[in-house]
Amino acid sequence: MKSTIKAALAGLVTSTAMLTAAQAEDIKVGILLPYSGVYAALGQDIDDAFALGLETYGTDSGVTFEIVREDTEVKPPVGLAKTKKLILQDEVDVMVGVVSSGVLGAIRDTVDGAGVPLIVANAGNDEATGEACSPYITRISFSNQQVNRPMGQWMVDQGVKKVFTIAPDYAAGRQMIDAFTTAFTAAGGEVVGQEWPAFQKTQDFGPFLANAKASGADAVYVFFAGGEAISFVKQYDSFGMKAEMPLYGSGFLTSALYVEAQGPAAEGVITALHYVPTLDNPENAAFVAAFKAKTGRIPSEYAVQGYDSARALVEAVKAGATDRATLATALPKVAFTGPRGDLKMDPATNNVVQPIHVYETVAGPDGLTQKVLATLPAEADPVNGCAMPAATN
Amino acid sequence: MTADLGFWVLQMLNALQLSMLLFLLSVGLTVIFGLMHFVNLAHGSLYAFGAYVAASLAGVLGYWGGFFLAPLAVAAMGAALYFTLIRSQRRAGPMAQVLITFGLIFVAVDATRLVWGDLPIGIAVPAVFEGQLSLLGVEYPIYRLFIITLGLAVLGVLTLILSRTQIGAMIRAGVDNDQMAACLGINVERMFFLVFVVGCALAGLAGAVAAPVLSVTPDMGLQILIPTLIVIVIGGLGSLKGAVAGSLIFGFVQTFGAVLLPTLSSVLIYALLAAVLVARPQGLLPAKG
Amino acid sequence: MFQHTPLRLTTLALLAAGSLAYTFAAGFFGLEILAEIAILAILVIALDLVAGFGGMVSLCHGALLGVGAYAFTVAATEAGLSAAPAMALAIALSAALAFAIGAVCARSTGIYFIMATLAFGQMGYSFVFQSPLFGGDDGLAGAPRPDLGAIGIDLTDSRAFAIYAILLVAVTYLVAAATLRSGLGRSLVGLHHNEKRLRALGLTVWRAKATAFAISGALAGLAGCLAAQHTQYISPGLLSWTVSGEALVVVILGGLGTLVGPILGAILFVVLKHEISALTPYWHAIVGLILIAVVMSRANGVVGFVEARLATRKPQPLVKEAKADA
Amino acid sequence: MLETRNLTKSFGPIQVTKSVSLKLEKGERRVILGPNGAGKTTLFNQLVGEIIPNAGSIHLDGADVTALRVADRARRGLSRSYQKNTLFDALTIRENLGLAAAVALGKGQGLWSDPLQSPEVRETVREVAALVDLAPNLDATVSAVSYGIRRQLEVGIALATRPKVILMDEPTSGVGPEMSKGFHRLLKSLPRELTILIIEHDMDLAFDVADTITVLNYGEVVFDGLPEAAKGSQLLKDIYLGAWEDA
């Protein structure tokens, strides 16, 4: 499934043989995703949906997309080594992927220096489209602040005045919570306490829940993802805290990917995210049906990011982009209406501008489902020190 | 908030719950070491296997099906490992054992990924243990109280077996001096097998019990391994008392460290371990004086 | 005791010639892999020094490597040192920590030693993982490569870097071999076989162990510097105990206590990892199975296997004389 | 040269050595006799520092060494051989002797040269090998040589440190009568200025090589004097030989 030294050599032979036939209409895409490690499931969702996106939009583009996949193993140095390989050895035209912010941080300078466009299909660290922005890095997924900021005003509007926050102690956790608390306090709310459990080292949240319980907050606002999200939601419920202190959070907490494992404990949890599989629009209906048919799963936010990455790439190609330089200039200009709603790129930061959906996890006829409570309007992130230079190659 | 008595009670219970879970895991590992001088780094993987089996069976037979069958499945797995790998490596020295069981961890992680996929699995707490109980002025999840009770019960049963029964006397003799035990006519080979399998079953039980509290993920075995090793090294390899002491120390340091000294919490336990190793290289309560 | 047999010398010569020849033939990715092999080779030579010859089976060498990598990166980026003094500082820090660990663990043997080093390694990992100074889980960027522009060498070029890495492996090998031929090295081997007797002969055992561990730690720190210079990005994963476990696997794969074997092991391991991981995302399982098979075969890795084969072919006059004498 | 004053050691309630006082002059060869369990080996272990006495003191060359550790005493010239072979089995005899000599010469921690190649060490190895009759076997691996040769090496390692005092714990244990005779010759041929303390249960050897004899029983010195006096001593016959017959 991935290129190897051997396959690369073999590929070299065949590609020289086919050079005359294929010509410049071939776009070589390097995919950088975790296929092993803690985020392997996310990588798979993005990968499946990216393939679906190419099938859906790419067939009439008149271009053949050649795919090279590399496993980042969720390790920044590995991700960087694989990036260099894609750029220097496979000579890809464009790269897609990156789940962890750590990997994105690690490869940023290399991508920027080499001038190879990268479509970020997940990693949400604010710097990537802030102080460390690059004309070659276009983020189609989200930024950490983007999905949390709107909840500040919205929760105050719902009458929540005092919150207690809990998030894992690492960069993304801090960014998610800080964006929320800034907006929440600006809207008149009060943060009465915060806990930062050690990232990936905490399995028992009991000690932190005890602190939250004693804090006298109206509600608890959290960010967790993956296995930690499952443990947290279940443990929150087991302490009987949901009734007296409703649980709010960043929408990854009750992602469609994990909600089955959380079971009834997730019922009533209210979170905000840029995508919910139950969004009521024709593009989403088509996407959900096609993804289900292809994989048998309900698409998660990760899936829609992969799907839209493919679509953005195709849109750029349709706009006439053929190589690294033209793709780099075309990608930040794409805009389309997808399953998430109207998407466009912010030219100041190359970050996606998209509506945020507040949803409640509720019991449905076939298990848990998502009830959209509000759709908060799209809002571009502050520029945050990004002085976007023009693509120069 | 730290002045509130309820807070302390709650955190004590949290610490006790973590301690008991670790006790279930470490007691098997430590007795296997004491008796057979075998270090099984894949013990955590057996715990993960137990959790996966319990999670799968919970869908079919309900929680209790998993609770009772997971330890059996892990024991069967342990028996298979015993005959294929463990028995032949018993005298191979610690490095060979560490490496073989290290390799086994890799195999186990990927095997669970192949069978159960990359997505975490979760199961619900059994209906009887849903909700909270009012205890000393705090509301505490009944299921967590069940874990504490179960840990204490296993401790009680093991203490009884070791101190009052013939097999217990044989095991104690074996831990003390396996050559002498063999001279006394004890079938050492069969005793090893029995202890190993029971140790595995306890790891499986720990996995089954932990599944409703945590999320069941492929790397959960790797995550629990280091705490378990710390427990038995602090306590002293090979001793039941050591496993109890180590579990309690770890549970309390971890829980109170996390809430009172969050910046130091993760280094705290290692610093304690280092201190123990410097002062008493054999652990606090080693099996042999 | 450590000695260079013709077989080992031939292997070394072939390795040196082969790797240098390959640097001129390989493409970009081949050179990356070569650098990766070189880094691992330095680490496993360091580990073989203490584990293979001194019987000190360490599970903290990954952490010592990580300390070197972090110290180098922080010294170069935060303190603004140039590459050479930053490397010296990083190596000194790894050596100092290794000396302390060696001194503390000197009383422990066997499984206790393994567990104790594991604990110290994890302590380092937790510290780096949690400390904001080190970028936490996300890691640190900006490790520079040494500037050899003065002598006309540009280390940002993959080929130059690969040759530089191979030269560092050679330096490491020479340091390890010299250590093993020194008084300390002789004592180290003696300690492995009979600690009590050496004490009775007047050796300060803890100091010998700690010094040997410090030299090994310095080499691991060098591997860390090279790793940081190679990827120019480091993350706490470098310090994880599984890195130490893998290093031990490589030592076993090549041949414990042979010094040249671990280098072969490093080549085998890296190439195998890349080949298998290209075929399946479940490559860890296959590496695990190979490891189990190697350990169960009871051969001392590749080198041990070949040497045992050669040894059975020719008679051993010394042994026979000795027996006749009895 | 070597002196103990009221050396006492108990394990729990059992006193293993009771107020043992000994005094060895330079060049003296003394044999300690006593039945099994008389506390001979415990006494040795206290002398070299492997066991710390509960009371009493040990003096080497006039200095109190009671508080010194094993390695420190060794560096002051106290060397011992063991009752059971404690050799470096995987190494050659040359390496065994060389290692011992190197460590004793303070080269065991050196980093800059190979002590086995140094002239002093090579000279010591050659001399000791000649003394204990190992010259023909120098390049044999220990694990491949006979038991008798290993016993010779055991003494050889102790000698390779060029000690002032050497303690030998049953040097002929486990070897046949022929070898034992050879061993007597070997011991007698050792330099006269070396002070030697031997634990032995072979009476012949004791009377053959000893200048003086000490008899221990239940941790107490019950005889201390010349071999001739020991031979005629009724006390020795009653206590020591009686127990000897049972053993």
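By written order: A, B, C and D. Residues from 1 in each chain.
Everything below uses one rule, namely that a residue touches a chain if its C-beta (ideal position, glycine included) is under 8 Å from a C-beta of that chain, and two chains touch if they have at least 3 such contacts.
Keep in mind it's a predicted model, so treat the numbers as computed, not measured.
Colleague: Which chains does chain A share as contact partners with chain B?
Modeller: The shared contacts of chain A and chain B, listed by label, come to C.
Colleague: Look at the interfaces A-C and C-D and say which one is made up of more C-beta pairs in contact.
Modeller: C-D
Colleague: Please identify which chain has its centre, taken as the mean of its CA atoms, farthest from the centre of chain D.
Modeller: Here the answer is chain A, farthest from chain D.
Colleague: Of all the chains shown, whose C-alpha centre falls nearest the centre of every protein C-alpha atom combined?
Modeller: C
Colleague: Roughly how many whole angstrom separate the Cα centroids of chain A and chain D?
Modeller: Averaging C-alpha atoms per chain gives centres 76 Å apart.
Colleague: How many angstrom lie between the CA centroids of chain C and chain D, rounded to a whole number?
Modeller: Chain centres of chain C and chain D, defined by C-alpha means, are spaced 42 Å apart.
Colleague: Would you mind pulling out the distance in Å between where the CA atoms of chain B average out and where those of chain D do?
Modeller: Taking the average C-alpha coordinate of chain B and of chain D, the gap between them is 49 Å.
Colleague: Which parts of chain C, given as residue numbers and ranges, touch two or more other chains?
Modeller: Residues 126, 129-130, 282, 284.
Colleague: Which residues belonging to chain B are in contact with no fewer than two other chains?
Modeller: Within chain B, residues 113, 266 contact more than one other chain.
Colleague: Each pair of chains that touch: what are they?
Modeller: All touching pairs, sorted by chain label, are A-B, A-C, B-C, C-D.
Colleague: Chain B touches which residues of chain A in the complex?
Modeller: Counting only chain A, the residues touching chain B are 36, 38, 40-41, 44, 169, 193, 195-198, 201-204, 206-208, 210-211, 213-215, 226-231, 234-235, 238-240, 257-258, 260-265.
Colleague: Chain C touches which residues of chain A in the complex?
Modeller: Those residues of chain A that touch chain C are 1-8, 35-36, 40, 71, 75-77, 80-81, 84-85, 88-89, 101-102, 105-106, 108-109, 125, 169-171, 198-201.
Colleague: Which part of chain C faces chain A closely enough to touch in the complex?
Modeller: 27-30, 32-33, 36, 126, 129-130, 135-139, 141, 158, 227, 231-235, 237-238, 274-275, 277-284
Colleague: Taking the complex as given, what residues does chain B use to touch chain A?
Modeller: 1, 4, 6-7, 10-11, 14, 17-18, 113, 117-125, 131-132, 139-141, 143-144, 212-217, 219-220, 223-224, 255-256, 258-259, 262, 265-266
Colleague: Give every residue of chain C touching chain B within the complex, in rising order.
Modeller: Listed in rising order, the residues of chain C that touch chain B are 51, 57, 59, 104-105, 107-108, 110-112, 114-116, 118-120, 122-123, 126-127, 129-130, 241-242, 245, 248-249, 252, 282, 284-285, 287-292, 295-296, 298.
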